[in-house]
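Encoded as structure tokens, here's the structure I'll be asking about.
Per-chain residue numbering starts at 1, and chain names A, B, C and D are given in the order in which the chains are listed.
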């Protein structure tokens, strides 16, 4: 499964073979992506949209070609619906302020879920505060699914935005975006999807989803850090104001006034992460080459193997009992052992997992705990690694017994 | 002069030896910086501030070490005064909104100069509009220097911010920041310095400048794209509110409310450009290794050689007559030939220059033109390249004669 | 130093149009006027048109900018003066294909066929298209009004 | 699987303190109380202190968190109960140096000397320091009030 594109997977860690189970925090980066970044610096290394000379034209052409490639990747209608950002958090904040401040007014309602990452919760809290709007947080069922009847009950003609994650970064739950969007559109609300945890795992089709805005980060889909994508429907982008000013987003400037370009350039102030966009293009190529089908086949096996590995006394797994509902993300606790201690013990056995609230404090609290351990995988992980992870958990339980 | 750290300099362009004279748009990136980025992806490749395991701790330690390194680089008091951004434009916008919205009120005045890049002009225009403040734009003298008496006359106890570029990206003019800051502080105004064009050319000492905020981009100082620095004095950062929300900038989150970390983490929402910060660290190391003294010695020679190369009939150079007042940046026009045509002709002779308003429309207009040609150099350029550039200009004049 | 490539871009006919532009100026009673500009370089073109039913009767331009954009505007006016709107549209389409390298020139374009190599200079395509895109917008406006 | 390294971190005395924490609970009439937490993991420690002039007379804690942070709080209270403030400060300073690997432990730290290897586990230093930093803050507050 192309493991040798990821040299780090053959390293040892604390004298044990290294097992990387933290892909939900950031995915590993394959050699072709690293090479695309290196090649930009070695062979092109000029700014975009600003030069008449040959290399600058080449950089601009490539940058815009990646925009088209990204549009095709998520099945967007037009390349102009793709805005390059510095990441998911930046994209969601841009929508909450740039679109939200203009379109959400006093008394309006914003609907989010209890599953949201802080990056898709706090910008909406802040918008609600700025505009004197109401924030409604929809809860989850015992097996970690969106409480659909509560969601339906929350919608009304006051609802202006529904902001929801495609996949929970704690439980791995996949939300039914198409159904959510249809219900939201029935009351004329805009739908904002946090796709950060989706894009490494299954194909995104913005037209099937019919979402108004979608944000994701390259670094969670085998691409580089510091670059991400905000998709917006053309009509929605026309309702959005820039939140950052300067550089190439401007049409005309006088001493006292300025007019701005239309999307996408009007929303990309300053020199963008050009090398990052080269890397994003290479990551999309790489994903296409592996294929989502192969990825899903492997991840199905991993989901089963992880569930089996965690099937031990004194282990509580949060969310669904169905391994396939986890999208490669398993949060759990060992009775009587603090998650930090578990993570340290696993680290000493070569296994990298996260412990904490995973930037989802309200959800963690709703699970009745302060923190959890999270193991999250990518297609490059193996069944054998899952088994060794199971043994490491066993050894950890014994150590602290 | 370490030219072989920049392999692109040995390429040919349109069958001529390539001459890169567009460093003011983005500097070339030496191999050690590219290698630092590659090494992060190959050997570390984990998220920062979030993991208990060994590699995550290593990434976090390095990330914070670069913060300290950056603080030392610009002689900041504390590492906590260094905020990593996605670039100069992002940093200036963060100050204008995060600090400006809280500290500039109706009737207050904001002072900028006619030399500003759009990124240090339009955010202040927008702040003035949001807060009903007054924006004052200080003009320049015939030889491209700040009109000091106009500047002094503009200051009053109404002045809340003075935003000024350290070096003009069109004229190369260096502004007297220490003197500007002293005058601004005498009326209790905060001083915001755009150091984008300074940092590749001379050492920055924030304490000598006594500026309140300083922004610059890694990609103009031999570092990567998509990462920059915002320096803020501790007291000023305490007066600033976050403008982006989510991820690791949060202290505590409930469903309806959130509290934020102090600087710097409270101002760095979302996964940062980790590879970019590794690259920035390598760029600072690289600059230290070359040494600003060697850089300035070489650039002095280049300034003289460029001035000589442009000393031709029908060539108008903007700004100072003194070559050393140009900081490696020369904007010029050939009588009767449009700058775009000049840039195309030079490109065909292997020379990469920019043509346009260089994101400084009000200044370009004040020069009485619609556009200029700009040649800008770095320490890696040679006297011979300047001479060949002179011949290329000559050939261009003949071609269009 | 080799400027041979440049000859492909700046051919004599183009330099002539730039130096001695035709149809430069305003119209006494235009049916419509439109000013467009290229934000990258600041080039500006203003077009003035007068229609006679389904004919583009008169067209003039004023402007400021590079050799390419000004010569191209001059050629545009040459080509479009006193043409039926269907022909105007056909010429606009063909010019677009010519400069983007997706088609070749026929007699329809006259002097403007000189741009058959510009697709090798991608940063200058916008300059060549500026006036032509402006006319396209004017025609669209006219159609929208009918 | 090798857990040998772990023995260096989780030594018996530490596990004992975690399992049977001392001085856990509140105080009937504390002079001051402070709750701190480690945002990364959510660990919480609340300290309650009672002074007698320049002496730290009583100190108790409540909290929730990992073995390290809870055991460390238990040891802190052990060490600090009924100590002159100058000794308290000396112990705080020495503990800080110990866990950051910039100094060694003396008798002054008692059981808390068990943390002499924690600098090899940089992600857990914050856990060990949590309660100690809280007491430092309380002492600073007391000094500010005088």
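Just so it is clear, a residue touches a chain if its C-beta (ideal position, glycine included) is under 8 Å from a C-beta of that chain, and two chains touch if they have at least 3 such contacts.
All of these numbers come straight from a predicted model, not from anything done at the bench.
**Student:** Distance-wise, how many Å sit between the C-alpha centres of chain A and chain B, to the nearest whole number?
**Tutor:** 31
**Student:** Please tell me the distance, in whole Å, between the geometric centres of chain B and chain D computed from their C-alpha atoms.
**Tutor:** That pair's centroid distance is 46 Å.
**Student:** Based only on mean CA positions, could you tell me how far chain C sits from chain D in angstrom?
**Tutor:** 79
**Student:** Starting from the mean Cα coordinates of chain B and chain C, work out the distance between those two points in Å.
**Tutor:** So the centroids are 38 Å from each other.
**Student:** Listing for chain A: what residues touch at least two other chains?
**Tutor:** Within chain A, residues 14, 50-53, 56, 250, 252, 340, 344, 355-356, 361 contact more than one other chain.
**Student:** By the touch rule stated above, which residues of chain C touch at least two different other chains?
**Tutor:** 40-41, 123-124
**Student:** So how do the chains connect up here, line, ring, star, complete, or something else (other)?
**Tutor:** other
**Student:** Between which chains does touch occur?
**Tutor:** A-B, A-C, A-D, B-C, B-D
**Student:** Which part of chain B faces chain C closely enough to touch in the complex?
**Tutor:** 14-16, 337-341, 344-345, 348-349, 355-357, 361, 364, 370-371, 388, 391-392, 395-396, 399-400
**Student:** Mind listing the chain D positions that touch chain B in their complex?
**Tutor:** Within the complex, chain D contacts chain B at residues 39-41, 122-124.
**Student:** For a test of understanding, state which residues of chain C touch chain B in their complex under the given definition.
**Tutor:** Its residues touching chain B are 1-3, 5-6, 9-10, 15, 40-44, 64-68, 121, 123-124, 127.
**Student:** Under the touch definition given earlier, write down the residues of chain A that touch chain B in their complex.
**Tutor:** 7-8, 11, 13-14, 22, 25-26, 28-29, 33-34, 37-38, 41-43, 45-47, 50-56, 86-90, 92-93, 114, 117-123, 125-126, 135, 137, 217, 219, 224-227, 243-248, 250, 252-258, 269-276, 340, 343-344, 346-347, 351-356, 359, 361-362
**Student:** Would you mind writing out the residues of chain A in touch with chain C in their complex?
**Tutor:** Listed in rising order, the residues of chain A that touch chain C are 49-53, 56-57, 61, 250-252, 261.
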